[in-house]
Amino acid sequence: MKVFKEVFLNFKKSGFMNLISVGTIAITIIILGSYFIANLAVNHFLSRVENKIEIVVFLKDGFAAEKMKNTITELESLNEIEDVKFISKYDAYQEFVKDKEILTILQSFESNPLPDSIKIKLKEYTPKNIDKIINILKSKEGIEEIQYGGKEIENLLNILNVIKIIMIVIGIIFIISSLLVVSNIIKLTIYARRQDIYIFKMVGATNFFIKMPFILEGIIHGFFGGIIGWVILYVIINILLTEIKKETGLDFTGFYVFTPSFFSLKFLIETIIAGILLGFFGSLLSLGNIKEK
Amino acid sequence: MIKFNHVFKIYEKNIKALEDINFSISKGEFVFLTGPSGAGKTTILNLLYREDIPDMGSVFVNNEDISHISDRKLPFYRRNIGFVFQDFKLLFDRTVFDNIALPLVITKTEKKFIKNKVEEYINKTGLCGKEKLTPWHLSGGEKQKVAIARAFITNPSLILADEPTGNLDDESSWEIIKMFEEVNKEGTTILFATHNKELLQKMNKRVIRLNKGKVISDESI
Amino acid sequence: MKVFKEVFLNFKKSGFMNLISVGTIAITIIILGSYFIANLAVNHFLSRVENKIEIVVFLKDGFAAEKMKNTITELESLNEIEDVKFISKYDAYQEFVKDKEILTILQSFESNPLPDSIKIKLKEYTPKNIDKIINILKSKEGIEEIQYGGKEIENLLNILNVIKIIMIVIGIIFIISSLLVVSNIIKLTIYARRQDIYIFKMVGATNFFIKMPFILEGIIHGFFGGIIGWVILYVIINILLTEIKKETGLDFTGFYVFTPSFFSLKFLIETIIAGILLGFFGSLLSLGNIKEK
Amino acid sequence: MIKFNHVFKIYEKNIKALEDINFSISKGEFVFLTGPSGAGKTTILNLLYREDIPDMGSVFVNNEDISHISDRKLPFYRRNIGFVFQDFKLLFDRTVFDNIALPLVITKTEKKFIKNKVEEYINKTGLCGKEKLTPWHLSGGEKQKVAIARAFITNPSLILADEPTGNLDDESSWEIIKMFEEVNKEGTTILFATHNKELLQKMNKRVIRLNKGKVISDESI
């Protein structure tokens, strides 16, 4: 109870410093939030690109589909593999004849010229995984050709992976930076009150009694900083989406990152938690070495 | 109760604030500390409060060498001592009431008790009507009175007063002195640093005279 | 001279606050710097994608190339257009026969089946620009077919433009945020010294005399913050590039953003200037409303 | 030189710090201001320094109503006045030397001249050997001496002193008083707030007595 009174008093008396502390947390939340959303969007796009990549294995004509079953089961049991699909020459034909131009070409053949094939999707398209699967496939009988886009695809995948690494590094930089900035701000507010802290010690207050209000204050500032940051982020993103729609006609409001329900509840809670954690660890970091006088 | 045993305090740049200080004060005594500016009065009080530790020698309070009090126990040691600081050391963003109540608040005393106690000392020191002001809005003497009330409020067994009447007119000074005498009669030990010669003469108590960090006389007048 | 002494004294006495101020500027420089490099990289990739986009106009067979000259000159004079290239059916044949499979196909024809064509590159691939050029082309005689990738390309271009807008918005958010954080930090250091400022006023110092040291200090902090930020950024990016090379075999060190000469001089100067500007405007913003006492 | 004309100063919560104050002081006078704690002494000095402005009435200095001094001219007005603040107002992160030199430094005085001047006043106030210490390391009386030296250093034509001997022993007090008398003889006007009755009696100067914000007597003793 007493501790809450201390916090409240601190609030009242140093309105200016509270504003700065809350404001800084809000700014950090905006930066972290933009990063978070950008990261979601990038991952979303990347996975869409990756989803289009598949390894296609054309099988030798006349090779019994039955014998292939074993290979497929073996492949399905591998960790790296997301999905394996057998496509018979008949299925392939049905698929291709949908296009009229190809139909005429196909009709010029006596029989169905298309081979049986297997489509393989990987969980992660790293060069290592691709190599491994290709090597396994090469060791099997009855395979005519393996298609996976070759160097082109490998380059694309490399670039995607680089983008992922960069996003992670940027994320780490941002989180550390935020923590440092917030703890710096809190350090300064503590420094500005060093005289008061000294007086508290002089009249016999314990360290716990002195530090507790600062930590609670950090948490409260984090709470409000989180809410404010969320509101600003929400406004910016809404303006941005409207602008984008006007400019290019693309409607991202349906995109799952921005659906109202996600953005207005789960994301709100996340930003508030982020704010509170920032405030908490920020004040904890700063209190390590209180210097009074 | 208090014993200084060959105490030296030497600050940077070889400033000898205290040199071989020896004296004892028994429980319930009322002792004045006097001497010219820079003689070491505040330094002695600071050593007693463990705001500082001696460079040589030891300071005993209740037969305990206070240099060895751990950081964890220090706050509890200080709670038994009332200190009227020479520069007041008030919280400038709290009211007079809150400043005086501070030593009780940090020990989580009951609210009602605090209120009664604070009001008692506001009356005694003549601060009525100033309860809700912050020290920004007080005159020099009023600030001093707040500092005095804060030192008295916990009924400490030892009161250290550093020039507590320096900013007060004669009338207020005598009222404050009466407060000291009263608690002294009830058993509180008092160490009172002052420049005021009139006070020393009229009070007729034991006086420890310092000069340039040394005790030059220790007698009753 | 006196002002410099003030600055120096401030430096000496509040080492702790200087550290925080310089540190915060360094952090902001790191964030802005990562953004800047990410932005360069994104723009580089985008322009590479855009460079591959072109409008190809196939001309009617037998239509006199001479008559086409006018159209080409007209196109070249348009603002939106970067480059116009006429490719004769002969040139196209030479290009295609490089591929042996296509050669066999082409040889099955009696004469060269390829048409004359014009390749058009735009400066900016906005839907508006594309529409305009298509409409102009449609009004001309002698055109068989216009190929520009249709909806597919338009979608891609839209996404690229959205990415550009998002990068700009993020940039603006970052710059404003940095300025606010730095000015908050400086405001707090000023607040911590409000008593000194009050005393300066009390002995008759002019406002200029009081404010000048803070502004100079901001600039000096910005200078050191810029250098420190650059060093950290340099280390992070070097580690990142080595990691990427190890992980994916891609060597980005040749990529123009990261060439040593660029990174160690031009970019260093830019970060220092950014730091100085941050410190300068940060302190200017904070000094607007000095509150003393 | 100084004229208070029906001056009122009422603080928030209806605290009447000054009520209808009227007096004049001619150039070269040495006037004491006395009265119990909270009488309004500091308030009068603050009004003269334009640290505050009256709520009613006007304060004239050299026939100018100082309420009307613009913010831009205020620093230059203050440079003609030396103020010994009751709470010293020293820069705690500068040395004694720099604190005393401050009023000269802000007017961009020549370095050598500053050095000589500061050394002169360090000697006069008895602060020798403390030049390089910061106020953290000074005793109460030493801080007061620094505040006094700073007020004297610009040879101001008016010196306002707020209880400048409150933290000093008798001997130092008299040395300081001698400094005031000296500059007074050279023509400096002095307004000196104090509680010290002995001082008032021995000095035999004009004394303005305040109580509860009103002038209750204004005579020479």
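In this document, chain identifiers A, B, C and D correspond to the written order of the chains, with residue numbering beginning at 1 in each.
By definition in this document, a contact is a pair of C-beta atoms (placed from the backbone, for glycine too) under 8 Å apart; a residue touches a chain by one contact, two chains touch by 3 or more.
Please read these numbers as outputs of a predicted model, since none were measured by experiment.
Undergrad: In terms of touching chains, how many steps apart are chain A and chain C, taking the shortest path?
TA: Minimum number of steps from chain A to chain C: 1.
Undergrad: Between chain A and chain B, what distance separates the C-alpha centroids? Give it in angstrom.
TA: Computed value for the inter-centroid distance: 62 Å.
Undergrad: Distance from the CA centroid of chain A to that of chain D, rounded to the nearest Å?
TA: It comes to 66 Å between the two C-alpha centres.
Undergrad: Rounded to a whole Å, what is the gap between the Cα centroids of chain B and chain D?
TA: Once rounded, the distance between the two centres reads 29 Å.
Undergrad: Could you tell me which residues belong to chain C and also touch two or more other chains?
TA: none
Undergrad: Chain touch graph shape: choose line, ring, star, complete or other and state it.
TA: It is a ring, because the chains touch in a row that closes back on itself.
Undergrad: Please list each pair of chains that are touching.
TA: Chain pairs that touch: A-B, A-C, B-D, C-D.
Undergrad: Within the complex, which stretch of chain B touches chain A?
TA: Going through chain B, the ones touching chain A are 49, 51, 71, 75-79, 83, 85, 89-91, 93-94, 98, 102-103, 105-108, 150.
Undergrad: For chain A, which residues count as touching chain C in their complex?
TA: It is residues 16-17, 20, 23-24, 27, 30-31, 34, 38, 127, 158-159, 161-162, 165-166, 169-170, 173-174, 177, 180-181, 184-185, 187-189, 191-192, 236, 240, 243-244, 247-250, 252, 291 of chain A that touch chain C.
Undergrad: Would you pull the chain B residues touching chain D in the complex into a rising list?
TA: Touching chain D from chain B are residues 11-13, 15, 35-39, 41-42, 86-87, 129, 132-133, 137, 139-142, 144-145, 162-163, 166-172, 195, 197-198.
Undergrad: In the complex of these two chains, what residues of chain A are touching chain B?
TA: Interface residues on chain A, with respect to chain B: 2, 9, 13-14, 196, 198-207, 209.
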